[in-house]
Amino acid sequence: MSLGGYDVEVQRPGGLATEEMTLNMGPQHPSTHGVLRFIVKADGEVMREAIPDVGYLHRSIEKIAEKVGYHGFMPYTDRVDYVAAMPCNQGWGMVCEKLAGIEVPRRAEYCRVIAVELNRIASHLLSVGSMGMDIGAYTPFTHALREREYINDLLEELCGARLTFNYMRIGGVAWDLPPDWVPKAVAFLDRFEPLIDEYNALISYNKIYVERLANVAVISAAEAIDYNLVGPNLRGSGVKYDVRKDMPYSVYPEFEFDVPIGTGEVGTVGDCFDRYIVRIREMNQSCRILRQALAGVPEGPVLTKVPRKFKPPVGDAYIRLESARGDMGWYCVSDGSEYPYRVKIRTGSFTATSIIDKVSRGVMLADLIAIVASFDLVAPEIDR
Amino acid sequence: MKQLVLQLTGEGGLLAGVPYPLAAALAMLLFGAIVVFVFVLPVAGVTSWLERRVWARIQSRVGPNRVGPQGFLQWLADGIKNMLKEDIIPTAADRILFSIAPYLVVIGFIATFAVIPFSSALVIADLNIGILYVTAVTGLVVVGVLMAGWASNNKWSLLGGIRSAAQIVSYEIPAALSIFPIVLLTGTLSMQGIIQAQGWAPWHWFLFHNPFTFTAFFIFFVAALAEGNRTPFDLPEAESELVAGFCTEYSGMRYLLFFLAEWGNLYVIGAIVTTLFLGGWQVPHVTDNPFVLAVLQFGVFFLKSYFWVFIAMWVRATLPRVRVDQLMSLCWLYMVPIAIVNLVGTAIWMMVVPAGLDRVVQMLMTLGGAAIVVGFFGRVRFHLRRAKLRDVDYYYNPII
Amino acid sequence: MGYFRNIKETVATIFEGMSVTFSHFMRRPYTVQYPDRVPIRIQDTLPFRYRGILEVDLEICTGCLACERACPIDCIVIDAVKDKDTRQMVLKRFDIDIAKCMYCGLCSEPCPTGSIHHTSEFEGADYSLESMLRRFVKTPVVAYKPKKGPETDPEVAPILDRGMAYLTDFAAGGEE
Amino acid sequence: MSLLNTMPEFTVTTKIDEMLNWTRKSSLWYMLFGLACCAIEMMQTGGPRSDLDRFGAVPRATPRQSDLMIIAGTLTLKMALRTKVLYDQMPDPKYVISMGSCSNCGGLFQLAYSVCDGVDKVIPVDVYVPGCPPRPESLTEGLLKLQEKMMQEKWLVRRGEDESVAAQA
Amino acid sequence: MDAAAIFERLQARFGDAVVTFDSGGEPAVRVNPSAIFQVCEYLKTDPALGFDCLSNQSGVDYPKRNDIEVVYHLYSYRVRHACVLKVSVARDNPTMPSVWRVWKTAIWQEREIFDLLGVVFEGHPDLRRILLPEDWVGHPLRKDFVEPTEYHGISTKRESML
């Protein structure tokens, strides 16, 4: 049911003075996903603007990199994006390997891809689940958490931790796939894929849910590129771009998978629903990649010998990889010493937050929640 | 009740000599107090526990099961804890309004119990304007909620209060309009009268009386959910939007009252729906013993109304929340027009349809209702099989 | 006819969603009822690589300080001094601050004997930070000296076997 | 509560105390307040696998209705001031669990310039849970430890002389 | 188009005084700070270059050379190629034009560089601290940054228990 037009132009009889209300949403608010603050100027339920105030989780990870050395920084990369820590691990590994010109064994690349894709599913699950929760449905969230537990179990067996993996090393991965692990992962996929359909039946195509998300915060492709949106947020606006496909790294060219984009099936291309549904479809694609990768893990070592005192030559390197929140940039400057000279991490959430100010003008308060959820913001990724 | 009082005040009764009006008033007060303390409080509490258990099962959890047997005493622990917690009145709040508001909300919902007919005898007061009284008295809740939102001097509370006021006031209209077809059919506003006009079997219920009452039932249930601030219409306390809505600043005892009202209201919704559409306490004629009959009727009524409480919990665990403008357009664009169609339709139905056809339609409607239920379980089975079909029963963690 | 299609879609999708949630009444809950209502301890179900609270087998600690150096946040402190008379390494202190530890596993990778290792233990909640300091050396002990041949001491041999087994799986791909 | 603390110690008062403590510990509503990585594990703890609701602990969005604050994650200096405000908004009796290395003592972010090393610098902590992040069972254990502590509390009976002085100070 | 080709185009347009080629590390184009806006505008609007996205903007402090280097990683979604620009500004007076009119994403990325390194972008609409609190002193990613001992009464150091 098209529950009312979306036109929120407020009409009031002449002479009735209204006062603008300043709402302070966050840093502690149930739906800001961690510590994120919005200074909302509202006219009743309609927002004039919502200015994001970030930095409540600025943990100075980039400065710490200059103090702990190349190997020691690996555990910190887990904390850059705790929901999808594997891509961050991989990013740091890749940028160091590019600096020093290290070749990664093929088996290690497969291990990396498997771990990253599992983690991507876990991250997207949390994203779509919390989206459901923010819209007001709690059950999809707990179902998503339930499936996450299986992935956590798999990753725990692979690398010994549930969230902060510290799995990858410069030049490969720390641990080989455990024996009997591959069938378990395949069993998980067999179990998980029908559950995506169930999830869609439960929430994705629910009329109330669709109405809440369709046509909200439409971002055109040009705007998305201008604001440097990446990953599912960019693809939701209809730009068919995936670093795994368009700037191939690791062993991704060996796998067949599609890049889902927003098509505006219930509203306009680039609305909240498109950003949401892209994530759901990406989970399917990740399952596809995982099946191919699990079937074709080559034999061989998983780690090249890298000296404990790792000293890459002077220079800088910039790599891009597709993390769960999209194109993640790692820039590292080396001065030839044991410690990185400067590390800069360009993350998807940071740039996505910068567009909230623009798209939130004139929408309703409840829509702000949907917008924030649809960008899949993770606080430390914004603040680092 | 009237007979009981007459018996007591009559010759040789316990209260012989006491004038009847005084005795009747005392009896009403006593029964009211019993209802509140023995029935309303535990029902509200147990409902909150049950809701958590139902939620938990839907969410693949187990829910509270440590406090007492199967966690049954959870509501008691919650209640006593909240009673003993520090009661904060924010310095910026309007002290008087802030303190009164929860009581208004509680009065608004407890007062409805005055006319709920638990059996043919068990009713505090069988008002001849019973159903009108219910719609009127629940209006107090709006005042309380709006007062709470305003007095808290918190912007989230204010927004919650305003949303609640707009919502309850709007949804009173479709709710009332859906009651009218029943009033048309029975010709009475008395709750007992409405129940007496129905029978014990489903095809005697107004739910299956004709297509218009069938629709009216759903309109009424949805509107009642909205009035009770239940998901998908829980906007006033939308946790992910307004922190905790109008009760953001409330703590301790005062919050407990809101808590009580929320779950107590749920039962009221169930009871009214049962009265209006599901034949109330009507049971097949099995005995003439008034005591057994009362227990039987009470049991039937309680189960029927609790079924709708369960439905409301289940809906809450399933559906997302609507937006505030959608809430309004849902009311004014969809529910009010349909409710009016129902009203007119029922009137025409009463005039046009002959008595014989009436019975056939009722049987067909009942069959249709059964078909919907069967279809529903078909879908449930489909979902179960899809999950099971490829569920290789391979659990990684040995404990699970 | 968008009006009636909206009503139809709403009813249909809510019907579908309700059937999904109802089907969960017929599925098992997934809760592991830690701590008491579980058939086996959770710790025993955790995988071998699980990085729980650190533990040190002092019998096989060589006092090489590799773990202390590897730790990026200095949560391990070792005092190892060379006894002048016996020319042996003596461990005077081996403290790990589990309140600060980040459970990354970087310390157990370079350990030559698998002395410092992660256990599957995760229960360590306490009322004060001081009690979360793990002091392994109660009285100064002599550090372990790796032998050329197989281990002969019957007390140390099983511990060393365990340590080496841990190393082969946990730090198999360790650098250098 | 201060008025009640004047009663002498009897079996009755002890029993009542026990009952009150039981209700408190059985209904520990925690604040939905996640800071960083540990927040995800806190969600998982409330999730299906290790359901905190079993112990009667449910999340509440507003500090006014919560008894327990789980500091889940790194507390930055910018956030520390807010956390203090939130803690002050909670009604007595209130408890704090510090979850994970970062909130215990700064953990791996002790090297950072913008991180408050340890939540105990800002608000009093009842239970510390180690881990980075602690797994859900670990947090559950922390909650049980807190319940143990709560059962020792005395509300009705007179406190020792030194204790009441300390309470006044 | 690779870095050398892009440089040739820029050289032809702006001349040697404005752009130089930097081959240390990743090949990059070194741009005179005063001309960065014009260069960026050209890079975006020229159809063959078409750099429609500022993928990453970072600042690096070099106290030895006494300058702060701002690095632009550009990407073109249209042409699918990338390029790196480097701009050096004096460390004691780090001022350079903002490019937010070319790419909106620069608004926040420049704010971050201002916050952490103290580079002032002229013409920026909203140059405030972003990650650190408003009352913070100093720019922490500079190499000579000294950690404050106290912030609003909270000491920033913790004695190790060990």
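Letters A, B, C, D and E mark the chains as written, and numbering starts fresh at 1 in each.
To be clear about the criterion, a residue touches a chain if its C-beta (ideal position, glycine included) is under 8 Å from a C-beta of that chain, and two chains touch if they have at least 3 such contacts.
Just so we're clear, the structure is a prediction, and the values are computed from it rather than from any experiment.
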Provide the labels of all chains in contact with chain A and in contact with chain D. B, C, E
For chain C and chain E, chains touching each: A, D
With chain centres set to the mean of the C-alpha atoms, which chain is at the far end from chain C? B
Which one of the chains is closest to the middle, using the mean of its C-alpha atoms? A
Most widely separated chain from chain E, with each centre as the mean of CA atoms: B
May I ask which two chains are joined by the most contacting C-beta pairs? A-B
I'd like the Å distance between the centres of chain D and chain E, where a centre is the mean of that chain's Cα atoms. 44
Indicate the whole-number Å distance between the mean C-alpha point of chain A and the mean C-alpha point of chain C. 28
Distance between chain B and chain D based on Cα centroids, please, to the nearest Å. 36
Touching at least two other chains at once: which residues of chain B meet that condition? 56, 58-62, 239, 243, 317-319, 334, 383, 387, 397
So which stretches of chain E touch two or more other chains? 131-133, 140, 161
Residues within chain C bordering two or more other chains: 6-7, 14, 16-17, 20-21, 29-33, 42, 72-73, 97, 99, 102-104, 129
Chain pairs in mutual contact under the definition given at the outset: A-B, A-C, A-D, A-E, B-C, B-D, C-D, C-E, D-E
Of all residues in chain E, those that touch chain A in their complex: 24-26, 52-56, 58, 60-61, 71, 73, 77, 80, 84, 103-105, 107-109, 112, 116, 129-133, 140-141
Interface residues, chain A side, partner chain B - complex: 1, 3-6, 8, 21, 23, 29-31, 44-45, 132-139, 142-143, 146, 150, 153-154, 157, 184, 187-188, 190-191, 193-195, 197-198, 201-203, 206, 208-209, 211-212, 364-367, 369
Flag every residue of chain C that touches chain D in the complex, lowest number first. 29-35, 42, 53, 72-73, 97-104, 122-129, 132
Could you list, by residue number, the parts of chain E that touch chain C in their complex? 160-162
Chain B residues touching chain C in their complex are 56-62, 314-315, 317-319, 334, 376, 379-384, 387, 397-400
